Amino acid sequence: MSRGDSPSVETRRPDRAALIIAVVLALIAGVIFWDVSRLTGLAGYSQVGPTTVPYAIACCLIVLAIWTAVEGFRGDFAEREPQQFGPVAWVVGGLAAQMLLLNTLGFSIATGILFAMTARGFGKRQLWLTIPFGIVASFVVWTIFAKVLQLSLPAGPLERLLF
Amino acid sequence: MGTLDFLLQGLLVAAQPMNLLYALIGVTLGTAVGVLPGIGPALTVALLLPVTYQLDPGGSLIMFAGIYYGGMYGGSTTSILLNTPGESSSIVTALEGNKMARAGRGGPALATAAIGSFVAGLIATLGLAFVAPYIVKLALVFGPREYFALMVLAFVTVSSAFGDSTLRGLTSLFVGLTLASIGIDQLTGQARLSFGVPDLLDGIEVTTLAVAMFAIGETLYIAAQGDKGPDKVEAVRGSVWMNASDWARSWKAWLRGTFIGFPIGAMPAGGAEIGTFLSYATEKRLSKHPEEFGNGAIEGVAGPEAANNASAAGTLVPLLTLGLPTSATAAIMLAGFQQYGLQPGPLLFATNPQLVWGLIASLLIANFMLLVLNLPLVGLWVKLLTIPKPWLYAGILLFATLGTIGANPSVFELGMLLAFGLLGYVMRVFGYPIAPVVVGLILGPLAEQQLRRALSISQGDVTVLFTSPIAAVLLVIAALAFIVPLILRARGRGEVLAQLAASED
Amino acid sequence: MKHFFLASILAGALALPAYAADYTIIAPANPGGGWDQTARSLQTVMQQEGISGNVQVQNVPGAGGTIGLAQFASQQKGNPNALLVGGYVMVGAILTNNSPVTLKDVTPIARLTGEYEAIVVPAASEIKTMADLVEALKKDPGAVSWGGGSAGGTDHIAVGLIAKAAGVDPTKINYIAYSGGGEALAAILGSQVTAGISGYGEFESQVKAGTLRLLAVTSAERLPGIDAPTLKESGLDVVVENWRMVAAAPGLTDEQKAAVSADIEKLAKSAGWQEVLKTKGWQDTYLAGDAFNEQLAKDVSATEAVLKDIGLVK
């Protein structure tokens, strides 16, 4: 909203990331305004109703967005180290795989895959070795927590085969 | 019989060899389950309570006490070593504790946490025995307006966890406050910011957010450093034990943490986290080494750890004296007491003195056991840091997701874990502090609800917020905590403007 | 490594047997609450009485039980070994949350236990009887603040019904919602609110110790051992029971349904269950079959009406 006239101003090489963050903050504020506006007031006897605090938060987010944009234009936003995205993708992939496979393949296999993919992200490339190891380790954990301590952890083919 | 006689009798029973063994098993189990990120003391006690059914009343009571204190204690170890708080009350511990661990001072950090927990547990358990009736009267005076004033104070003091940039600290806090607005509004039953997703109706679970932002965010951040990141953490630099200066800096923090944590734990809407925030802020203000805060100040571990254990004992005050369960853990403990025919309430101390004093004696023994168990393990724990990174982080994610799956095995919850993990990573990349997000999520709803309750009861009269003496005092302290540092800094630098400009980035 | 150590201690010290799971009970709430306690008591008694070799309890918390309900209805369809604990709170939550899954989408088996609401004031209060409270409410509804559980829950519904019966506009009640029984009780003891309303069990020890004054209970008839009039005696035609039930999965054959019903009946009649009811202070309100279904339908329509009156459901 406050970003409308921004692209033309180019004084000290604005920090693109800071501007994106500012836009995201403003968008969140917008979503709050939009969602809360359809609530009925229903404040009862207090003049602070269910909508007051979210509106206040949204206003503060807009102020923070403007502040962030100003810092971005002045170029004195945070410095950052270069990031390597390959390893991050491996770990995120592992978490996504566990999430999707958990209910069909059970805790041990899904978590074993997460284990191996995380290790891959940190440089252990031998998946043929880390996947079986991860599954065995997860199975031991599953046995302790699900069988001995009665924590409910999803069972899959492997767990049903052995118990 | 007098108070002391009952206590001594209880101690004699609890100190029998078999009972000591049960205490040991209890604290071991409690610590082991409590260590898992995402599984807090409530679930630990719920899971392990059936284990105690199989013993005689004396034995099961003592095992139970062990599980409770062990579960409260478990969270700090992973906080310090792996920057992965086991539960919300050890988030603050991670701030300084993990910095210490990375500087090779994990040993002293773990030791000050263990000894601080012991000291706090000891004093607070004795407090439970001797001053519970007075503390509980104080706790009942706290109505919505007093809580609101306490929350204002907590908000002002958490700014000490903001790191070096006001803008980024505030942004983190407001991200947390936004997340806090998600879910059913407790006072009117309307859904806010949940976009028709039923899983969001109960809001964001604090433990899910904490585990995601700390454990997963941290893992992703370290992974993204690739080979250039700090190659190997030096596990031990100097002594693994606390040196003379560590002791000198810790003991006052332990005591202050205890005196902050105990009464706040006893308040029906207090909660262990708020005590740790206040303790951290107090230590930072009083420290002779404020420059070390954010880089591994031992007081910042000693105070909050003492505060969270003291509040664990504090929770028992309203439970035993009024039969008031003030937390999920306490509600489960209430169920636990019933199996011994104990009906907590105002008459308990009069009708069932043996059992009450037996429990208090058991807590003292369990507390002692924890120290015995944990101090020798410090050397072993710090070795965790020497595990090669691929295995270490794979293991962290295994246990972090295990905690979440065990507490609520839903794909949606795991999805939130991943999403907030990515948010935590991005925030780390841009230098946003993580703790204020979790602080906002915890304090936001408390402050909002108490304010609205206060105004609703007064039928919209705003002056009630300031006319209660306790609320007024708390608000004055909050105002001073906000204004005094500004004045001091302004004086030190000559003018206010320079100071404001400096605080901007 | 440490966990191997732990496992060996556990295995050695306790030697827990490992059976194949027979029943899985879903508690649609966090550990510690009433439904969780009911589920865990069922678990204990079923194993004790040999009704089932091994029972697992799974917590699926959220939104007054509607998340657990929805998950149970979709994932356990046709599974005769899955049970769901639920109760009256779910009836209200389904309405206020607009839940697409309702109790019609599962197979209610039986009501097991229940609790009546109690209305209390602090011992020092000037209000001595229910009639005093009603009079104050009629004079200025805003000046009477009620402390109780979450908005739209049983406590809130009961206050709405009381206001309506007293001829006061239910949208005008000044209801202060607290997150848990403990927090509300503290507010009542500290005289932060005018009156308190919750399950009788929450107040029992305070009433006995004389720190709270019990004005009335919401049962149809006087409760044994409780010295308080019913609302009906106080001239208000209101009965509220916060019951808990057990339901089976949808899509069961008649034989499967009969088998589950028989197991639950055996449980409800067992000495072990009666013992649990006694130690926990729960009332035995076992009701099964058509009688229970009829009661359920009546509760649903009455609740919908009052939630509309309070303004929580449109």
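Letters A, B and C mark the chains as written, and numbering starts fresh at 1 in each.
To be clear about the criterion, contacts are C-beta pairs under 8 Å (C-beta built on N, C-alpha and C of every residue); 3 or more make two chains touch, one makes a residue touch a chain.
All values reported here derive from a predicted model rather than from experimental measurement.
Taken chain by chain, the contacts link every pair, so each chain touches all the others.
Chain centres defined as mean CA positions place B nearest to the mean of all protein CA atoms.
One simple way to say how far apart two chains are is to compare their mean CA positions; for subunit A and subunit B this gives 23 Å. Inter-chain centre distance (subunit A to subunit C, centres taken as mean C-alpha positions): 36 Å.
One inter-chain figure worth recording: subunit B and subunit C are separated by 30 Å, centre to centre, where each centre is the mean of the chain's CA atoms. Annotation for subunit B: residues touching 2 or more other chains are 50, 185, 187-188, 409, 453, 456-457, 459.
Contacts with at least two other chains are made by residues 42, 44-45, 141, 149-150, 152 of subunit A.
In subunit C, the residues that reach two or more other chains under the touch definition are 3, 6, 10, 58-59, 142, 174. For subunit A in complex with subunit C, the touching residues are 42, 44-45, 140-141, 143-144, 147-150, 152, 163. Residue ranges on subunit A touching subunit B, taken from their complex, read 17, 21, 25, 28, 31-32, 35-36, 39-40, 42, 44-50, 53-54, 57, 60-61, 64, 67-68, 71, 76-81, 83-88, 90-92, 94-96, 98-100, 102-103, 107, 111, 114-116, 118-124, 130, 134, 137-138, 141, 145, 149-154.
Of all residues in subunit B, only 25, 28-29, 32, 42-43, 46, 50-51, 53-54, 139-144, 184-189, 191, 198-199, 201-202, 268-269, 318, 322-326, 328-332, 335, 338-339, 341, 343-348, 407-410, 449, 453, 456-457, 459 touch subunit C in the complex they form.
Contact residues on subunit C toward subunit A in their complex (touch as defined above): 3-4, 6-7, 10-11, 16, 18, 20, 56-59, 142, 174-175, 311.
For subunit B in complex with subunit A, the touching residues are 33, 47-48, 50, 165, 167-168, 170-171, 174, 177-178, 181, 185, 187-188, 190, 192-193, 195, 216, 219-220, 222-227, 389-391, 393-395, 397-399, 401-402, 405-406, 409, 411, 414-415, 417-418, 421-422, 425, 429-431, 444, 448, 451-453, 455-457, 459-460, 504-505.
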